[in-house]
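Everything below concerns the one structure shown next.
As written, the chains take the letters A, B, C, D, E, F and G, and residue 1 is the first residue of each chain.
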Amino acid sequence: MLKPLGDRLVIEVVKEEEKTASGIVLPDSAKEKPQEGKIVAVGNGRVTESGERVSPEVKADQKVLFSKYAGTEVKYDGKELLILRESDVLAVIE
Amino acid sequence: MLKPLGDRLVIEVVKEEEKTASGIVLPDSAKEKPQEGKIVAVGNGRVTESGERVSPEVKADQKVLFSKYAGTEVKYDGKELLILRESDVLAVIE
Amino acid sequence: MLKPLGDRLVIEVVKEEEKTASGIVLPDSAKEKPQEGKIVAVGNGRVTESGERVSPEVKADQKVLFSKYAGTEVKYDGKELLILRESDVLAVIE
Amino acid sequence: MLKPLGDRLVIEVVKEEEKTASGIVLPDSAKEKPQEGKIVAVGNGRVTESGERVSPEVKADQKVLFSKYAGTEVKYDGKELLILRESDVLAVIE
Amino acid sequence: MLKPLGDRLVIEVVKEEEKTASGIVLPDSAKEKPQEGKIVAVGNGRVTESGERVSPEVKADQKVLFSKYAGTEVKYDGKELLILRESDVLAVIE
Amino acid sequence: MLKPLGDRLVIEVVKEEEKTASGIVLPDSAKEKPQEGKIVAVGNGRVTESGERVSPEVKADQKVLFSKYAGTEVKYDGKELLILRESDVLAVIE
Amino acid sequence: MLKPLGDRLVIEVVKEEEKTASGIVLPDSAKEKPQEGKIVAVGNGRVTESGERVSPEVKADQKVLFSKYAGTEVKYDGKELLILRESDVLAVIE
């Protein structure tokens, strides 16, 4: 299992075909487009300059939109995963 | 539904035609011009370095002016939405 | 009405002709020159990293000098307005 | 009267001729050279991230040395003034 | 022995051949790819601006993924080691 | 007298000839080389973001090494002085 | 004696020949390579934004690895010394 550090998350990227199922279609435009994924694992959260740890707002199994260019790719147990920071997550899809 | 994270908002962009109705006309000038939209969803707010969460100043259904180049576009349930940070919102139109 | 967010202000720019009336004449020099305006609306102030909101030092109807290149232009109710941050205001003209 | 905001000061620049009177002569060198002036008005001071306002170290009528390229020029009541930040002031001439 | 300072770690890099054993295979893509290693030594943690020391989340002998371009190489006792910051560690492999 | 503001110091630069007397000889290398001087006046110290003033570690009449490119030159009472920040001082020569 | 300020250290650089004795051999690679040295003097430590002074983690006579491009060279009493910040020290060699 991959346990992300700090404010990092492990995310399983949702492929383009599955993406239509959840109702997200990306418009044609010059602006940055987000990507969809499912949270696999969540870190303990970042530590502020006052020394407090900030609990993440997200949890495992949530579907999220995140910045397309964020994170680091890794293959683990045959799955394509992405490790990114919670601040790269734009929204939870409920 | 899209639930934005931290200090992010989901905004429905107001088209140019509708914009004249609300009385906002943009002048011809070299300065950055704002865009008009309606808030659809509001995040829980950012966490400061002292570990406190700052409640957003805006709420759903408010009409706002925001920086034209801010945010990330996404289509959801057939609507063109924009996810941006509260700090990109210039003013509420009351 | 435009209600600015955070440490932002809405300002009505004073035209060159009116400027002479208030006694401000800009010298010929290479340095940045300020612009004059009247405050129309004031935000609630910025929130510091300790989570405290800082009350603005200015209030509506004050005449101010501000950095010429600051802010975002918007026309509202036929008036040319500027939305800028309190930190772009150099001085109040009393 | 000009009332500067935050950690800003209004300064009346001392002309080259008057400068010799106060004993400051600038050496020939490639390093940045300071300029001399008299403080006309002082702001309330900056607000730190903990929300405390820091009282300025200087007061009106003091003669100061400041960075030559700092500040914004303005003419007011026929006087050439400079609005700059207290942090641009290098030293008080006592 | 090498005792890293602050939020630094000493890591023994896992060679490509050993890497397949732990199940991590890197995909072909333009994104940054992480590297695998074993923690050899852990510093005392960074000190925040409030003066508190933040205990590291990792400990010796853990296997970790870290940013490929992070850290400083050093050979010690015939081993190829890397000294990097805890913030360069993406995840612990459990 | 020059009274420096905040974390600034007024320093009298030690000429190359006097420098040998104090035992400091600069090596031939590409790295930045420090300069030697005597502290003439010390400011009250900087104010941190928590609003506390930090007392300077140095005092008048101490000999110090400082970064060669730091500070602002000024001639005062016929002396070549340098106004720089305490953080530009590398070490006290005891 | 040189007494470094704040979070600075005075270090005596270990020459290449002596370096083999301590067991540190640097690999051939494109990554930044550290340098070895012995601590001669230690400052009082940096002051955080909350106004607390952080005691250094190192002390005189310790052997350390530090970033090759860090610090300022100075010759003192015939010794080649380097003044650098504690944050440039990667690890203590025990």
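We take it that contacts are C-beta pairs under 8 Å (C-beta built on N, C-alpha and C of every residue); 3 or more make two chains touch, one makes a residue touch a chain.
Chain identities (UniProt): A, B, C, D, E, F, G = Co-chaperonin GroES.
All of these numbers come straight from a predicted model, not from anything done at the bench.
Counting hops only between chains that touch, chain E reaches chain F in a minimum of 2. Chain D and chain G have Cα centroids lying 40 Å from one another. Remark: chain A and chain D have CA centroids separated by 50 Å (rounded to whole angstrom). Annotation for chain C: residues touching 2 or more other chains are 48-50. Taken in ring order from chain B, whose neighbour in the chosen direction is chain C, the chains follow as B, C, D, F, G, E, A.
Taken together, the chain B residues at the contact with chain C in this complex read 23-27, 29, 31-34, 48-50, 52, 54, 57-58, 65, 67, 86-87, 89-94. Across the complex, chain E meets chain G through its residues 1-6, 8, 10, 41, 44, 47-51, 71-77, 80, 83.
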